[in-house]
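The same chain A turns up in both complexes below, where it pairs with chain B and then with chain C.
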Partner chain A sequence: MKFIIQRDQLIASVQDVMKAISSRTVIPILTGMKIEAKESGITLTGSDSDISIESFIPAEENGNVNVEQIEEGSIVLQAKYFPDIVRKLPEKTVEIEADENLKVTIRSGKAEFNLNGQDAEEYPQLPKLQTNDSFELPIDLLKSLIKQTVFAVSTMETRPILTGVNIKLENGNLVFTATDSHRLASREIPVSEAPGQLPTVVVPGKSLNELNKILDDTEETVEISVTNNQILFRTKNLNFLSRLLDGNYPETSRLIPEQSKTVLHVKTKELLSTIDRASLLAKEERNNVVRLSTRGNGLIEITSNSPEVGTVAEEITVPSISGEELKISFSSKYMIDALKAIEYEEVKVEFTGAMRPFIIRPANDDPILQLILPVRTY
Partner chain B sequence: MVNWSDIAEIQPLASRIITNSIKKDRISHAYLLHGARGTGKEAIAELIAKNLFCENLAGVEPCNQCNACRRIASGNHPDVHWIEPEGQSIKIEQIRNLQKEFSYSGMESTRKVYVIKGAETLTVNAANRILKFLEEPSKQTTAIMLTENSQAILPTIRSRCQIIDLQPLNVIQFQQKLMENEVSESTARLMGALTNNLDEAIARSNDEWFATARKIVVQLIEMFADNPQDVYLFIHNHWVGHFKERNEQEEGLDLLLIAFKDVLYYHIGNETEMVFFSNQEQMLEKVALSFSQEELLGHLNAIMQAKRKLKQNVNPTLVMEQLTLQIQR
Partner chain C sequence: MTAINPQKGRVIFHIDMNCFYASVEAAYNTALKGKPLAIAGNPEERKGIVVTSSYEARKKGVKTTMTIWQAKKNCPELIIMPPNFERYRAASRELFRILSEITPDVQPVSIDEGYMDITNVNSELSPLDLADELQKRILDELDLPCSIGIAPNKFLAKMASDMKKPLGITVLRKRELHLTLWPLPIGEMYGVGEKTAAKLVEKGIETIGDLANYDAYELKQMLGINGERLKNRANGIDNRPVDPEAIFEFKSIGSSQTLPFDTVDEQEIRKLIAVLSENVERRMGRKNAAGQSIQIMIRYQDRKTITRSKKLYRYIDAKDEIMHEAEELFHKHWNQEPVRLLGITVQDVEVKKNIATQLDLFTYEREAEKEKLYQAIEGLSEKYGKDVFKKLDAVNDDDQPRTSFQKDFLDDYKK
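Let's turn to the complex of A and B:
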């Protein structure tokens, strides 16, 4: 294997790929980075077995030549040293050459490194995903889908399946759902030109957080495809693969109450900052409980009290309120998370009694849904 | 490269049980391989894993050529997980990571294998944590536990596995192999009693440390017979200084055990089985005279107990002191 490559291009790619590589891995080969040279360009691969990132550097792009003198082949290099070496090389181009004894030579200007590589055959084979079962989404939309749901995944390992976000495609709608069994966040968006059916999958919340970090806020689109084991997010030169969680995701649609007894319209920001203030006196060991009570005349009151510290009460005027009077206690933390995830000015909160879950949606019926279970207080 | 046909030579029964279950496609969800050191536990575990992943199986034999086989052999296969004791035991954290790993789908295939080496060192917490996991495997999961002492494993774990007992290696064959490798006959006999691993035995027979260890044990026994008052001093001057590490201490006790066993054999006229004193008749006679058979049995028991205490992290110097006091009496 041999090629000469623009250093800047290589650095950018190496940085992307390094995000997937962890030094604490049980499989020795995964401490390395795979480099594969083909006529069309160079592919770098990094993986910690949960997620894998492939970055492709095309040999030619928009008339610029990035990679020259390509001799095909592949090698695995120690990820501990390779990125630093590349970053500190003196010249604008880097020559990388591997011989059949897995010795790698990196040349740039007068600097020359000789590294011991590993056999690329030893590297895990990433699944070849077919593209006909895929669909496209704008990157910014995907990022907001992730942001609005992933915070609600469970952090407890007792039910591993809940540490992921359930992604399903139904009747041309893409639905993201996350729950930790105390709250639930879900969002639906219509997808054009979607394939008829896509297997319903559960993607680990950790992987989605990583993906969110790696994707830039651009107008471009990302292509999503799924196999039994892995899900692939493909942008122009970057492939992000994540393993899926095994198991059946609980049926969540029945949890969402269909009727409501009390409906509240409220300015998101006002409610958010009031609850934030009230939560100052809410105790963490008691679920950060705050209490909401209706006061008639378009008033609601948010109170919190912890006997050792003191109490807080604040009234908010709300644009509209209808239905029964209500007193309900809930976790301020969950409420704050949910309100932050809804990026609309006004929200509609629907209650069905003090002991039943309530839901929060944007007032204009955009299909974002946040559901929170109340806390029982005496 | 090892094949089932190679395993069949040293472990005919075990290999037949496993290959038959492979042929009938009835591989158990969990195996517990139980056998002394060098009986081929790891080789069998590796073969089972290869059987499950190999791309071109020839009957029951994996090809050892394909990508999957090669990566299993080098420990790089992403769906085969090896768990080894970290220090003295397998910690709960390791099991937690394993369970997390298994809540994910497979990396390359839908099949997964995990191998737990030294399963008797699972801490109580770790063992209890793995129980449920063993009992309700997700589809296509195979667990292989390797142990030298299946009795030290929680009975609840044992009952969830198919137990395969590996027979000890044939000592005479082993000695002959050693002698082919230019090890003297007496040393070969001793090695046969100490270990089952050929490479280890050859390395040990050329080791200076081992030669000294052997000498110290002989001196100690002689001293027990001649002037027991000085034994205590001898322990501090020679024994403690030479047997420093944990495995060295265990080996010292093993040697002592074999030596006392020889004395007992001499008493009951079972001279052919002797391994330690096989060419030191005179001294043996002298020692044998100063111990009765009952005393010897008591000493053997004391040594076994000392070994157990070492395993339970009792201070090694104290263990040796107590042992010598017991034998002196």
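Let's turn to the complex of A and C:
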């Protein structure tokens, strides 16, 4: 195997693939990165058996030559050293060559590294997905679906299914839902060219976080394919494969209140920064509690206190407020997460009582829903 | 004015009320002065033992923990009164109010004793004169005698206050310990109980002085970390600060009671569990607290005692909840033998305003059912102030502590 490649292209691909490589894996060869050279281009592969990422660098793209002098072949390189070596090489091109004894030479300018490689035959085959059940989405839309929901997944393994994002397609709508049982985030979008039915799946939150980091914010599309235990996100030069979580995702729609007793319209940024300030005195071990009280005359008050430290209070004038008076305590962290995810200048907050979940939506009724369970104080 | 003792280290007072309950009764009813008086719990039942007595009674051989019957035998003219905790609480409150006028560094230890750190008190009086004035003031204003110990630390101050009663003032200086403290028998040392004393005497440690000079390593072998601590104390070393907040720190709230008769009758036991749960609820209510674990204590006929506890997934403070958890624990661990005493303690206790429970999407309905009640409480609190429910309780005579060792007496101190 041998090729000469543009260093910048190689760095970008290596970085993406590294997202799937873990130094702590049960299969030793997975601590390495697989490099495969074909006439059409170079494929890098990394996997921790939960997530697998393939990044393809085409030999030619838009009239630019990325890879030259390709002699086909493949090798697995230690991922611990390879990325740093590539990053620090002196010249714009890199020559990589592997001989039949698995000795790898990396040259750039006058620098030359000789590394021991591993046999690519020993690297596990990635499963080939049947792409019957697939649909396409603009990448930027997928990214915002992820960003608006994935933060709400559970970080605790007590209910493993809640560590994932529930993705389902019904009636031409794609719905992402995540909950750690203390808050819930959900976003719905219509999908035009959807297949009739798609199995409902739960994708590990970690996988979606990594995917979000790798995907560039472009208007190109990503193709999503699902089987019963894997999901594949495919863009032009990238395959991102994740295992799915086993088990039934709890039915959450019936837990979302349909009526409300107090409705509040408020400027997102104003509420966000007020709660952020109040949270300075809220302590993590006490659920980061802040308190919201309606004050009449279009005023709400945000307060917080910490017995050893002190208290804080701030009033906000809100565009509209209707319904019953209310005093409710909740985690400032959950509120901040939710408000940040909504990305709209005004939000509508609907309460149904101090001990019941409340809902935050964009004021324009975009189908984004952030739900938070309050904190019971005495 | 200058601080009392700017360069020479700390000056600690230990204030110890003399025969507190009996003195309070005599202050209320001067006819009792100079007479042998004993305060005793429920005279009919076997709990009827002498809680405390006046010096006149003590002279006639009446001792604390003696049964009423025996005390009467030693001193036929003995006047016996049931305890009146409301009075003692009131007197105690006044006492600590007077102390805290001198310095905020007051650490109440129990209803009738406390430490003061007067190191930083600005006064022209010497510590001895200050103590003298304090003792007179307590006697004038409250008609109650006390003894005061003055020393560079808490241990020595405590030992000092014990040396002269009633109305004593004793100074223990570190350089005079070999004359003042060391000759005392080891059993009189604060912190040395009966069992420890017996162990020490067996090793030939008969006086506090013997302990002060005993081998530290051997003491540690014998008594563990406490051995080292006791040796230090005997040498006049005790760095514990006077901590005004110490009394307010509580991690558990409990109640225990001896049955009139040892029993296997589940009805009787259930009744007692209900009473104890109610006591615990009341005490937690007074402190505005709730707890996250429950512990029960069962003492059997043969005095064999077991304690068993359980961590709960939520905070509890209501009688029903306490009773439910206690009964469950009881039935799990009871060996069917006759029960003499039962105790229920709620542990991992926090003040309610510091407790916040994050509700859960899948279980919130349960909490939400109580919403109306919480709203009502909150509404009343806002209207009439935070203490509306506590005040109701305080009016209720039933709410007063029934045992002398409870620290509840100080709940209103500093409010």
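Operating definition for what follows: the second predicted complex is superposed on the first by the 287 of 378 C-alpha atoms of A that agree within 3 Å, B and C clash if a C-alpha of one lies under 4 Å from a C-alpha of the other, contacts with A are read in each partner's own complex, and residues count from 1 in each chain.
FYI, a residue touches a chain if its C-beta (ideal position, glycine included) is under 8 Å from a C-beta of that chain, and two chains touch if they have at least 3 such contacts.
Computed from a predicted structure; not experimentally measured.
Chemist: Following the overlay on chain A, give me a clash-or-fit verdict for chain B and chain C.
Modeler: Fit - chain B and chain C, as placed by superposing on chain A, sit side by side.
Chemist: Quick one: is A:R356 in contact with chain B, with chain C, with both, or with neither? Answer first, second, both or neither.
Modeler: Only chain C is touched by A:R356; chain B is not.
Chemist: Is A:L255 touching anything from chain B or chain C once the two structures are fitted on A? First, second, both or neither.
Modeler: Once the two structures are laid over each other on A, A:L255 reaches chain C alone.
Chemist: Could you tell me if A:G298 is touching chain B, chain C, both of them or neither one (first, second, both, neither)?
Modeler: Once the two structures are laid over each other on A, A:G298 reaches no partner at all.
Chemist: After superposition on the shared chain, which partner residues are touched by A:V26: those of chain B (first), chain C (second), both, or neither?
Modeler: In the superposition, A:V26 contacts chain B only.
Chemist: What is the contact status of A:P204 with respect to chain B (first) and chain C (second): first, second, both, or neither?
Modeler: first
Chemist: Thinking of the overlay built on chain A, is A:P124 touched by chain B (first), by chain C (second), by both, or by neither?
Modeler: A:P124 sits against chain B, while chain C stays out of touch.
Chemist: Please provide the least distance in Å between a C-alpha atom of chain B and a C-alpha atom of chain C in the combined superposition.
Modeler: Chain B and chain C, overlaid via chain A, are at closest 19 Å apart by C-alpha.
Chemist: For chain A, which residues lie in the overlap of the chain B contacts and the chain C contacts?
Modeler: Residues common to the chain A contacts of chain C and of chain B do not exist here, since the sets are disjoint.
Chemist: Where on chain A does chain C make contact in their complex?
Modeler: Within the complex, chain A touches chain C at residues 179, 181-184, 250, 252, 255, 286-287, 289, 307, 327, 329, 331, 353-357, 371, 373-378.
Chemist: Could you please specify the touching residues of chain B with respect to chain A in the complex?
Modeler: Interface residues on chain B, with respect to chain A: 67, 70-71, 74-78, 81-82, 96-97, 99-110, 138.
Chemist: Going by the contact rule at the top, pick out the chain A residues touching chain B in the complex.
Modeler: 26-30, 49-50, 121-125, 127, 157, 160-161, 163, 204, 228-230, 243-247
Chemist: What part of chain C is in contact with chain A in the complex they form?
Modeler: Touch residues, chain C against chain A: 288, 290, 351-362, 364, 367-368, 370-371, 374-375, 378.
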